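We call the chains A, B, C, D and E, going by the order they appear; numbering starts again at 1 in every chain.
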Amino acid sequence: MSGHTAIRIEHLGKRFGAGPLVLEDVNLSIETGEFVCLLGASGCGKSTLLNLIAGLDQPSSGSIETPAEGSAVMFQESALMPWLTARANVELALRLRGAPRSARRREALELLDVVNLADAADKRPHELSGGMRQRVALARALAQDRPVLLMDEPFAALDAITRDLLHEELERVWRRTGRTIVFVTHNVREAARLGQRVVLLSSRPGRVAGEWRIAETTGRRIESPEVAALSIEITEQLRKEIRRNAA
Amino acid sequence: SVQSAAGETTAATDATSGGTPAAELRLGYLANVTHAPALVGVQQGLFEEALGDTTLTTQVFNAGPAAIEALTAGAIDATFIGPNPSINTFIQSAGESARIVAGVATGGAALVVRDGIDSPDDLEGTTLATPQLGNTQDVALRSWLADEGYTTDTSGGGDVHITPTENAQTLTLFQQGQLDGAWLPEPWVSRLIVDAGAHVLVDEADLWDDGHFPTTVLLVNADFLAGHPQTVEALLEGHLATLGWLDENAAEAPTVINAALEAETGKPLADEVITRSLEHVAFSADPHAETFTTLVENGLEAGTQKDGSIDGLFDLRLLNAVLEAAGAEPVSAGDLGEE
Amino acid sequence: MPHEDDSGSAGRVATKERIETADTEASAPGLDTLADARHSTDDDHNDLRSLEAGLDRLQTAPERRPSAWRRFTTSVLPPIVFVVALVAAWQLYVVIAEPRPDIVPGPLGVVAAITQAWEAGRLQEAVVTSLERGVFGFLIAVAIGTPLGLLLAEVKPLRRAVGPIISGLQVLPSVAWVPAAIIWFGLTDATVYFVVLMGATPSIVNGLISGVDQVPPQLRRVGTVLGAGRWRLATHVVLPASLPGYVAGLKQGWAFSWRSLMAAEIITTGGAIGFGLGSMLDQSRTLADLAGVLATILVILTIGILIELVFFAPLERRMLRRRGLLVERGR
Amino acid sequence: MPHEDDSGSAGRVATKERIETADTEASAPGLDTLADARHSTDDDHNDLRSLEAGLDRLQTAPERRPSAWRRFTTSVLPPIVFVVALVAAWQLYVVIAEPRPDIVPGPLGVVAAITQAWEAGRLQEAVVTSLERGVFGFLIAVAIGTPLGLLLAEVKPLRRAVGPIISGLQVLPSVAWVPAAIIWFGLTDATVYFVVLMGATPSIVNGLISGVDQVPPQLRRVGTVLGAGRWRLATHVVLPASLPGYVAGLKQGWAFSWRSLMAAEIITTGGAIGFGLGSMLDQSRTLADLAGVLATILVILTIGILIELVFFAPLERRMLRRRGLLVERGR
Amino acid sequence: MSGHTAIRIEHLGKRFGAGPLVLEDVNLSIETGEFVCLLGASGCGKSTLLNLIAGLDQPSSGSIETPAEGSAVMFQESALMPWLTARANVELALRLRGAPRSARRREALELLDVVNLADAADKRPHELSGGMRQRVALARALAQDRPVLLMDEPFAALDAITRDLLHEELERVWRRTGRTIVFVTHNVREAARLGQRVVLLSSRPGRVAGEWRIAETTGRRIESPEVAALSIEITEQLRKEIRRNAA
């Protein structure tokens, strides 16, 4: 890891209109090439925080520094354009990035091959399974060629078998491309399986309620005991946060 | 429900025998000068007098086809109407729908045109109106134009464009210059002349031998005629009484007719109009059956009518019986039915 | 596949060492409570209860209905302001340009025409006649369309044969039935009812069919699993579940009733037929009374909107809200 | 909470013993391959590839379109059989009961009426005139409705003000405009076009608005994230995404065009107006020619269905199939 | 456990119409009070097998013996009647079971209390979160009072935190009521977490491809090492089955 800070969040606060405070005094700095998992219960403000980092929304207070090139984003529903084939979806990203017309087709096919989908390049989203769609979405995010990749529960709607495979896929891509990844999830084991660092957000308002760092990440899988042990720890903390809301 | 089954209608031939008086007679007519006997007969109570216990209900229609529709649907039992719609319904129903039981009026139709059209030769490319497709005047115009060597068709094409248009609308359009002329019945001929400065190009009376052509007849539903000949007879008595009244009160007639028109349409005709109208219309119980074959030929030629026989269209037995009782001359069905 | 060698416990202990915990204060007591909790299943249950309660609270946001005032300012006020502005502009144009009043009557002329018709009692008569016919015709259409729709929805072969015909009839402008109806029934109310029926029934039938079609097969299976027979399945599951489609069909059926009625009334004037709004419209036209025509159009529009707002909108809104299908439009 | 004490490795080894494996032959080599796989990341990747390929194959069932023959027998044949049976019954009734031909004409009479109108050239003229007017009026409505719809969909305040008015206009039977149009434009084609416009435009506008409304906000956000500006967002994302609603609106707009056209043609006869199907219908009525009326109704119905089948259905079907939104009806 | 056989499946085969064989020669016997997890990849025929057991469909060959009282079923989507409140949904089950009118309301409230939802009794399904809906569905299934409870991926659509809680809930209900449970899932860890026995189905056609039995099940949680170890084993076998389909 380069040790260079890619994203720096300071005293971040956010409220929507006259509603309650959603995020309060969030401080976080993420290094270049780091894989950070943002964990929290439903409605704690994970997506809000990610949208703020992506620049899709403006903070109410505090500041966010991100790389000038901007960031790629992947959402829970793959949000592929349903009228475009898998390849055309990736090509659209290349086109909006400004890639030359001649190179687009080849590059799109290469990217689809990265996610093992070269064969399905001419299929439309509805002909693909959920897992395939998310792999196309990943290829599209890679097509944007941005240093930071923000992922909002990208695997939440998938079945467990597919999710496990996509964990491996994502880890491989991360290692290959050296992207900075911020991965939002409310699956504790997923966070412990993927992240170099797990950041737990509390609910109402969202603040950083805990942070775990995993030094050695190669060879992990979701059943690994270190993942399990970390999961138990984080779960305890998470449940404490949830229980706070019961009263 | 619409109409009783087919078999009963043949009973119409037995009109003079059997049957019962109906509790109600539903009579239709148009608010037109050519329907004056209906207007006067209702207004003066002459029909009610003749009908006795039978209640009279009346319905006023805008045009002949509407009256035919009501007759077909069983909403009325008898109606004053032009000869062509009568022919039409008779042929369309294969002779089962209705019978003409008396004549009402003759004359009173003409082609009126704008300034600048002084002979039939000037009509090339003009647009002429008639009251309604397939009505008596429409057929007359078409067949006259054909005789003059013009082509026309029912969709408004040809050398002369014929657009069947509602009479009131015709007056407006003529005033706006959108129509070059119209073949109309009274009082509209007079209205166009008086209100819009038109002049007569062809008086229909000139086209017929001795100037007599039917414009209105009395048509009765065939089933009603078969079921209630007494009632129809009473109606005819009322009709003849009205004709007599019109004859005897020629001076008073325009005022009475105009009052009836005002009662039906809300607006009286100008005195000039009503006077001119009545000059051109004659009222008589003779339907001039001999002219009907010509009417059918004209209708066929005009393309507004299907080919078919009108044998049996007339049933003048009741009329002749009443006429006989009054010591008058019987009228002829011209081989087109019972007399 | 990258993963640990899990065949021995030694490997596991080793990998566990690699985890650094940043937040040790938080995690240590966590593990303690964990260990304590096992002693009592009652505790377990209470623990679970409080956890579930917390999660339930977090996951269910109270439905926030926009305040009445906000709804008024965002959805009621703007169209009213727009209409008022439009009328003002119209009046201004009439005052300044002084167009021929028989071609462009002013709003005041239209209001006068309404008042006049009201005072003469014609407006009331026309509205009552038309509403009566519309409602009555619609009810007959419902009475015919509902069993027919149910039959078609449940009997597949029948539906295959008749369904497309009914959809086809929906394509046919009901105004086309007017001439045929006049020939059959003359200028009577029967003509009007026939046209209304032909206009509204296909919509109602199709609405019910699509409503039944949209019943999730899962719900039927749940019904079966719960032990419902054919009859109770229909009354307890299929019918309530197809209500949204049915109500949508009814709404459309009413719109077509009203349309067809107006068409029939405009065309079938005279004869024994009563005096409805269509007749009034036609009458104003014959009298070349444009103010009267516009006034009648306004009345027809108002009645259409009122029936929708007063009757169908609340019905549909309540049903959809109860099912959580109501999407509050726009923010 | 019931769970293991995970603080020590001893506990784990102990719990592991409790697992009995029924299928030891299968699991032991599994663990071996697991261990081997770690040696090479290339192997890892190939392993992952084959796993993903297997899963993809399992999870994507090939879309099974029903065979043409099956589609014919289940959806084309039954209505045809039904109609043929209906016509046969009708003919039989006419032959047996011999009803008055002006009240119940036989199918042969209707066919004769069509043939006659064809031979006289009236049918062709009427169809061409009506189609021309319908299509041309519809195209004008599209040309007006599309920009208006886009404007309303994208400019919120405008929409709040004008949207309800447009929805209201959709409630107004377009036949009500006929009398007003006759006064304004006389008995000319302008009257017909005006009525068609008033009938079709609101549907097209509302279709486009609801199409834009239904664009998932997620797609807009994806567009923004991918770096599209306002213009490219509109052309590359919003417009293609709102196509289904727009096409539905167009379809409905056409239906209303056709309806309004027929109403206008039936009512506005005479004057300088051309001869369309509506006029033909009205003519047959005045001639008390029910066979002609039914023949014309049949022609109107056929044209409505044909335009739907030949033009809109394939357009919509292709668009929906491309998006996987097509639900094959029934089994 | 009583050792009495609740469900006995012998040489079961199933195909739909003229399609390929979905299930082939499935043999399985489940004891009264047993908790069996049916595991398999997508489309392997798990739901088909469950529907056959539930009597919702008829086998093409072979036989199935089930208790005469029938079985209760829970589906993936909760499939609550959307127009009924939570309580009315439970009451509907009681009513269709034939419970007397007077007892229904009380019993429904008791059942909702079992799943900690007494407070939400008057809410409609759309006002409940996914987890709450599934708990209502569980209460409804319990209301049927059948000896066998069939569950078709009941927690697949839930987030991980909720799922973990519902695992505990379900286990508690199972222990309390002694129901025989057949639980379908494609989540290996879920199967290993919940079942006393895990049955793996192969794909195309579905056959029993492996079976694991867990003797001691108290105090398990999803992070437990024995769950992890079993998961790894089953996953290997499952992946083998999946890989067979890659060719």
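One rule holds for everything that comes next: a residue touches a chain if its C-beta (ideal position, glycine included) is under 8 Å from a C-beta of that chain, and two chains touch if they have at least 3 such contacts.
It should be emphasised that the depicted structure is a prediction, and the values quoted were computed from it without experimental measurement.
Between the contact lists of chain B and chain D, the overlap consists of C. More inter-chain C-beta contacts link the pair D-E than the other of B-C and D-E. Taking each chain's centre as the mean of its CA atoms, B is the chain most distant from chain A.
Taking the mean of C-alpha positions as each chain's centre, the chain lying farthest from the centre of chain E is B.
Chain C and chain D have centres, each the mean of its CA atoms, that are 19 Å apart. Each chain gets a centre from the mean of its Cα atoms; for chain C and chain E, those two points are 38 Å apart.
The distance from the centre of chain A to the centre of chain E, with each centre set as the mean of the Cα atoms, comes to 32 Å. Distance from the chain A centre to the chain C centre is 40 Å, each centre being the mean of its Cα atoms.
Chain E has residues 41-42, 129, 161, 168, 219, 221, 223-225, 228-229, 232, 242 in contact with two or more other chains. Residue positions 1-3, 6, 12, 16, 31, 34, 38, 44, 48, 51, 53, 55, 59, 102-103, 285, 288, 290 of chain D each touch two or more of the other chains. Counting partner chains per residue, chain B shows two or more touched chains at residues 2, 69, 72. Every pair of chains meeting the contact definition is listed here: A-C, A-D, A-E, B-C, B-D, C-D, C-E, D-E. Contact residues on chain B toward chain C in their complex (touch as defined above): 2, 59-62, 66, 69-76, 168, 172. Residues of chain D that touch chain A in their complex: 3, 6, 12, 38, 44-45, 48-49, 51-53, 55-56, 59-60, 63, 216, 218-219, 221-228, 232, 236-237, 240-241, 243, 319, 322-325. Within the complex, the chain E residues that touch chain D are 41-44, 168, 171, 203-204, 209-216, 218-221, 223-226, 229-230, 232-234, 236-237, 239-240, 242-246. For chain D in complex with chain E, the residues that touch the partner chain are 1-4, 6, 12, 15-16, 18-23, 26-27, 30-31, 33-34, 50-51, 53-55, 57-59, 61. Here chain A touches chain E in the complex through residues 41-42, 129, 156, 159-161, 164, 185-190, 221-225, 228-229, 231-232, 235, 238, 242, going by the rule given at the top.
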